[in-house]
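Each of the next two complexes has chain A plus one other chain: chain B in the first, chain C in the second.
== the complex of A and B ==
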C-alpha cells in the first residue's frame, strides 16, 4: 500500500516535470526532429466528419423513406401533435380565440387579462400556505405588467407551460424504461450526456429543417435541452426506493403496472418534483435561443433591444425572464416540500375545490368587468415604468469615469494570468496531452475511464479542431479558476451564516436565469471585444454552482463530528479549516464540476464577443447553416465536458471513500 | 343515407368555393408569411411590403426569424418571403439555397449596402489625412490600444461576415491589427462606448443602419473595388496580392420560397416590384431609432405619402 503511494507520487512529479519541459521546449524538440506534426496536427490527416454528417442529415430529410411515409412526414407529424396544445395555451394567455388566419383573424374571445393571471398565480401560491411566497409570486406577475412586458411574457409563459409537461412526462417515461431494463439504461445514459453537453446552437439548424420554422421547433429544442435531469432524477428516485416497500406492494397483489403507478411513482414524488424544478429552470434558460428560431416572446425582445443598443430595454426584458423563473421555481419547490395530503378526512365537493371555484368566478367577473373598464383588460399605459434611461446613464457614467481603471485591471489580469494559461495549452504537443490525459483517466477510473479519455481526445484531434479545443480549455479553465476563487469562499460564508445564504441564493439565482445576452453588451462597452470579456461573461454565469454546492457541503456535515471536534477543543478557525472544509471537499468538487459544465455551455455564447474557440466554430456552423460543421464542433465540446465530468466525479468518489462519507 | 350526406358535403364545399372566389380577387387566402429580423431597417421594409400586400387583399403574417436560419423555412415553404438579404453578408446562403430552386431570388430592393472601415469625426483632429487610406499608417499609433500598440486596432465584423480585412491589411501593408467582433451588438457596443469617451476607434460600419446617422463620422476611402482586385493579384497597388482595394458595395436582395410564385403569383409580382432607395431608408430608420417613433407609425406615414408608388406594385 505504502509502496504504491510513493510510486504514484514519483509518477505524478515526473509527469508534471515532463509536461512543463515540453511546454517550454516543445517547439524546439519538434523542429529538431523535423516533425512539426507533434505540435500541429497535419490538416490532410483530419477526417472529414463534418461533410459526412451534413450529407447524412440531408439524406435523412430529403430522401429517407419508411415505405408508407418519409422521415419528413414523421417529423412533421410530431410537430403537428405538439402544436395543437401550444395553440390552445397561447390562445388562453396571449392571442385569444381567433377565427381566420393572418390579419383577417377576428378575436372571438379575449385572452386572460393581467388581473386574471395574477389571480391564477395567487391561487396556486395559496396552496403552499406560505405568506412570503404569495407576496413574491404576485409581485412577480405585477412586475410583468408594470414594466410593459406583458404581451411577450405571456408568449414565453405559454411555451414554458407546454414544454415543461412534455419534458416531464417524457422524462419520467424514459426514467421508468431505464429503471426496468439495464440494457436500455446503458443506451439512454450516454444519449443523455450528449443532450446535456452538446451546445444547443449545434442542433438548431437540423431541428429547423426537420420540424419546420416556428414555435414548435423552438419547443422541441427546449425539450431536448431541459429533459435529461428529469430522466436522471426519475431513475435515481426509483432506485432509492426501499425494497421492502416494493415487496409489500407485490404481496398485496399489485400487477406490474399497478406497482409502478400506484406505489413506486407516488412514493418518489418529492424527488420527482426536484426534477420538475430543474426542467422549469432549464426551459427558461432556453428562452433566448428559442426566440432565434421563431418562438418570439421575451427572448426576441432581449435580442432586438441589444441590436438597438438599448441596454435598459434588454435588462427589463431579461429581468422579466428572471422574475418568471423565480416565481415558477419557488412555487414548484414549495409544492415539492408540501406534506403529502392524507386522505383520511372525506371532504365535500365544495370544500375540496373551494379555491378553484373562487378562481373561476373571479376570472369570469374580470371578463365581465373588462367590457366596461379597460383597466381590467390592459394595464394602463400611464402607470407603466420605463427604466431604459437610467441604465443607459449608469453604463455611460461608469464608462466615462472608470474606463481607464478597468482597462489597467484588465491588462494586468491578461498578462499575468490568462496569457500564460493560453500559452500552456497551445504549447503542449498534442500526443503528450492525450498521453497524460489517458494516464489521469487510468489513475482515477482504471481501464474504462482511460479508454474514454483516449478515444474522445483522439476524435477531437482527427476532426482538425485541436487548436480550437485548446483555446476552449484555456478560456474555460481560467474562468473556472476565477469562479472558484470567488465562489467557494462565498459558498463557505453562505454555509455558515443563514442570512448570507438567503441573500446569496437570490443573487446567484438571478445570475443564472438572467440571459447572458443582457450583460454581454455592457461588458463589451467596458472591456472591449475579446477573451477577457468572454471570461467575465462565463464567470458570471458559471459562478452559481460553486457557491451552491460549497454551501450545501459545509451545511450538511454530520453534527456529531462537529460536536466531537468542539469537545476536543477545536477553535472556530480550526473547525473550519481542519474539519468542515476537508469534509465538504467532495461536494465542493462536484460544484466545480458543475461550474465547468456551465462554463462550457456558455462558451458558445461568448463566440458572440469574438472568441476563437470551439464555440465560434459552432456559431459559424449555425450562421452558415452548415449542419455538419456545427454538429461536429458541438460533439467536441460535449466530449471535453464528458471527460472533465467523469474525471472529477471519480476524484470526488475517491475522496468520499477516503473520508468514509457515503 | 350516407351517400346523401356525402353529396350534401360536396355541394356545400362547391358553394363555399364559389362564394369565396367571388369575394376575393387574390389567388389564395392562406397567410403569406414574411420574416422579421432584429434590425430596424428590415422591420420597416417588411412592414411596408406587408401593408402593400394587405391593400391588395392578401392575408399576411409576420414571423420573427433568424437571418440565416430562416432559409430552412423558406426551403420547406413554412416561410415565404424574406425582404432583406444583403449581398455582402448573405451571398453564400443565397447561393446554397437557391441552387435546387426551392428558394428564389426575387431581385434587388433598390437599396445598396455599404460596408467599410469607419471612424468618428473627432478622430480627424488626430489624423488629418483621413479619409484617404494612405493616412492610415501615419496614425496607426493614434488608433492603438495597449493590446495592439504600436499597431492600430481595427474592429472588424464577425468572421461569418467575411470581408477579407485580414487580407486587406496584408495587401496594403497597413500597420494595423484586425480584431473580430462576434456580433453586430458587440460591434456597435464598442462604438457607443468609445463615442461616449471620445476615444479612438476604427471599425466596420455598414449602411443603411442607424449608426451612421446617430454618430458623426466617415468611411475610409480605399482604392475603389473592382472584381479584378479580389481575383487578380497583379491588379492595383500591390502587384503580388489581391484585396488591395475597398469592399464591394452590393445590392440588398429579396428572396422568396418558390411556393410564393406557384400559390400567390400576384403577390410574387408585388414583391418583385418593390423598391426603396438607400437614402429614403436611412431617413425611415432614423425616424424610428433616433426620434423614437414606432415602426408601425413610420410605415403608416410612408404608405400615406406614397400611394402612387405602391399602387403601381400591385396593379
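== the complex of A and C ==
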C-alpha cells in the first residue's frame, strides 16, 4: 500500500516536471528533430468531419424518405403541432384575434390587457399563501407595463408558456421510458449528456435548416435545451422511490399503468416540480439565444440593441428578462415547496374553484371596462418610464471617470495571469497532452475513463481544432481558477456563518436566475471586447456553484465528528483546516465541476465578444449557416466538458469512498 | 387435527447474478455455497421447501440477510424464484399470467411493510381504499368498506389525515388496514413492527393477535426478533444464509434446536415462561396425586407447586392423567 503511494507520487512529480519542460522547450525540441507536427497538428491529416456532417444533414432534409413520408414532412408535422398551441397563446397574451392579413388586419378580439395578466399572476401566487411572493410577482408584472416592455414581454411569455409544458411532458415521458427499460436508459443517458454539453449555438443551424426561421424553430431549440434536466429528474425521482412503496402498490393489485400513474408519479411529485422549475429557468435562459433563429420578444430586443450598440435599450430589455425570470423562478419554486400536508375537508365545487371563478369574472369585467376606458386596455403612455437614457449616461460616466483604473486592472490580469496560462496550453505538444490526459483518466477511472479521454481528445485533434480547443481550455481554466479563488472562500464563510449563508444564498440565487446572455451586457460596456471581457462574464456566470457546493459541504458534516474534534481540543481554525475542509473536499470538487460546466457553456456565448476559441468556431458556423462546422466544434466543446466532468466526478467519488461518506 | 396447506413452496431457489438458472442447471440444482460464491452469485434462498397451513401464524425468523424477505417476496411473486414451485391454493404461482397474478393480489393477498410504505400523497382513508380503487370500485362503496377497516384498526377520526401527520404506530395501523382492505386470505407481514418503539411494538403485537382472533387469516409473519416470533407464532421457520434451518413450534425450537445457530437464539430466553409442562414431564403415569397441573400450563406458573409438593400429576384438559412431574426434573430444568 505504502509503496504504491510513493511510486504514484514519483510518477506525478516526473509527469509535472516533464510537462513543464516540454512547455518551455517543446518548440526547440520539435525544431531539433525537424518534426513540427509535434507542436502543430498537420492540416492535411485532419479528417473533414464538418463536411460529412453537412452532407448528411442536407441529405436528411432533401432526400431522406421513410416510404410514406419524407424527413421534411416529418419536421413540418412537428412544427405544425407546436405551432397551433403557440398561436392560441400568442393570441391571448399578445396579438388578439385578427381578421385579414398584414396591414389590413382588423382586431376582432383584443388580447388580455395588462391588468388581467397581473390578475392571473396574482391568482397563481395566491395559491402559495406567501405574502412576500405575491407582492414580488405583482410588482414584476407591473414593472413590465410601467417600463414599456409590455409587448415584447408578452411574446416572450407566450413562448415560455408553450415551451415549458412541452418540455416537461416530453421530459417525464422519456424519464418513464428510460426507467422502464434499462436498454433505453443506456441509449438516452449519453444523448442527454450530449444535449447538455453541446453548446446551443451548435444545433441552432440544423434546427434552422429543418424548421425554417421563426418562432417555431426558436421553440424547438428551447425545448431541446430545456428538456434534459426534466428527463434526469424524472428518472432520478423514480429510481429513488422506496422499493417497499412500489411493492405495496403491486400487492394492492395495481396494473403496471396504475402503478405508474397512481403511485410512482404522484409520489415523485415534489422532485418533479423541482425539475419543472429547472425547465422554466433554462427556457428563460434561451430567450435571447433563440431570438437568433426567429423568436421575437425581449430576446430580440436585446440582440437588436446590442447590434446597434444601443447600450440603454439592451439593458432595459435585459432587465425585463431578469424580472420575468425572477418572478417565474420564485413562483415555481414555491409551488415545488408547497406543503401538501394539511387536513382535507370535503370541498364544495365553489370553494374548490373559488379563485378561478373570481379570476374569470375579473378578466371579463376588465375586458368590458376596456371598451370604455383605455386605461384598462393599455398602460397609459404618459406614465411609462424610459430608463435607457439613464443607463447610457451611467455607462458613459463610468467610462469617462474610471477608464484608467479599469484599463490597468484589465492589463495587469491579462499579462500576469491569463497570458502565461494561454502560453502553457498552446505550448505543450499535443501528443504529450493526450498522453498525460489518458494517464489521469487511468488513475481516476481505470480503463474505461482512460479510453474515453483518449478517444475524445484524439477526435478533437483530428478535427484540426486543437489550437482552438486549447484556447477554450485556457479561457475556461483561468475563469475557473478565479471563480474558485472567489467562490470557495465565500462558500466556506457561508458554511460557517448563518447570516452570511442567508445573504449569499439570496445573492447567488439571483445570479443563477439571470439568463447567461445578460452577463455579457454590463461587462462589454465596461471592458469592451476581448478575452478579458469573456473571462469576467464567464466568472460571473459560473461563480454560483463553487459557493453553493462549498457551503453545502462545510455545512453537512456529521455533527458527531465536529463534536469529537472539539472534544479533542481543536481550535476553530484547526477545526476548519483539519476537519471541515478535508471532509468537504469531495463536495467542493463537485462544485468546481459544475463551475467548469457552466464556464464552458458561457464561453460559447462569449464568442460574441470576440474570443478565438471553439466558441467562435461554433458561432461562425451559426452566422454562415454552416451546419457541419458548428456541430463539429460544438461536439469538441461537449467532449471537453464530458472529459472534465468524468475525471472530477471520479476523483470526488474516490475521495468519498476513501472517507466512507456518501 | 387436519391441517390443509394453503401455500406450498417446493425446492425454491433464488440466486442473484448473471443467468442463474443455467448455473443451477449445470450444477445439478444443488451447488455448494462455496461454488455459488466463487462463481459470483449471491445466494438469497437455498432450496426452501415448506407448507403454510390454513389459519395459522407462520413466523419466518432470521437475521438481516438471511433471505426471509426474499422468500416472502417469492411467495407473493414480487420476486420471481430462480427455480422451484410455489402453489397457492393448488394454483402454480409460476404459471400465472400478469393479469391472473393481479387478480389474485386484488382479492386474496395482503401485505404489510416494515417501513409502512404508505402513499404520502393520499389521506388515511385514500390509502386504505387504494386496493379497492385500483379494482375500479366506486368511491362511496370503497369508502364505506374503508371506514369499517378504520374502525377495526382503531383509527377513527383520523381518516382525513395524511400519513406524515401520524405517529409511527398509527402509520402502521394504516398499513395493516390497507392490507386488509381486500379481505385477503393470505396475509404477509414483513417485519411490521421492527420500526416501532418497544412499547408501541408490544401494543401492536397484542392488537395484531386480537385482529387475528376475529379474522382468522393465514399469516406469514417475518421478524428478526425471536421474542416476537415466540409470542405470535403457531410455527416458526428459522432461516440462516438463505437456508431453512428448522421448522417447528416454539417449544420444538427450544427443546430440540436443529443446530447451534438455533440454539444460540433460544439460549437466553426465559424458558420457564415459554415452555409448557408437557415439554418436560415424565410420560410414566404415576398413581394419582392429590395435586394436579394441566399439561399446557407454562412451567413458571406451576414451579412453586412442584417444588413444595415434590411431585405432581399432569392432566390434560379433559382431566385424564397423561404423565407426572417431580422436583428433580424441574430443578434440573431451571438450572440448565
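By our rule, the second predicted complex is superposed on the first by the 612 of 662 C-alpha atoms of A that agree within 3 Å, B and C clash if a C-alpha of one lies under 4 Å from a C-alpha of the other, contacts with A are read in each partner's own complex, and residues count from 1 in each chain.
Going forward, contacts are C-beta pairs under 8 Å (C-beta built on N, C-alpha and C of every residue); 3 or more make two chains touch, one makes a residue touch a chain.
Just so you know, these numbers come straight off a predicted model, no measurement behind them.
Considered on the superposed chain A, chain B and chain C are sterically compatible, since they fit side by side.
Once the two structures are overlaid, the count of chain A residues touched is higher for B than for its counterpart among chain B and chain C. In the superposition on chain A, A:497 makes contact with neither chain B nor chain C.
By the document's definition of touching, of the two partners only chain C reaches A:269; chain B does not. In the superposed pair of complexes, A:208 makes contact with chain B only, with no contact to chain C.
Of the two partner chains, chain B is the only one that A:294 touches; chain C does not reach it. Once the two complexes are laid over each other on the shared chain, residue contacts for A:55 go to neither chain B nor chain C. Applying the stated contact rule after C-alpha superposition, one finds that A:250 touches chain C and leaves chain B untouched.
In the overlay built on the shared chain, the residue A:620 is in contact with chain B alone; chain C does not reach it.
In the superposition on chain A, no contact is made by A:657 with either chain B or chain C.
After superposing the two complexes on chain A, the shortest C-alpha to C-alpha distance between chain B and chain C comes to 43 Å.
Interface of chain A with chain B (complex): residues 101-104, 204-205, 208-209, 212-214, 291-294, 296, 300, 303-304, 306-309, 396, 399-400, 403, 407, 411, 414, 520-522, 524-526, 528-530, 606-611, 616, 619-620, 622-625. Contacts from chain A toward chain C in the complex involve residues 242, 244-245, 247-256, 258, 262-263, 266-267, 269, 340-345. Chain B meets chain A in the complex at residues 29-32, 38-40, 54, 59-61, 63-73, 75-76, 78-79, 92-93, 96, 145-147, 155, 158-160, 179-190, 192-193, 196-197, 199, 210, 289. On chain C, the positions that touch chain A within their shared complex are 73, 76, 78, 98, 102-103, 105-107, 109-111, 113-123, 130-131, 133-135, 160-162, 164-165, 175, 178-179, 182, 188.
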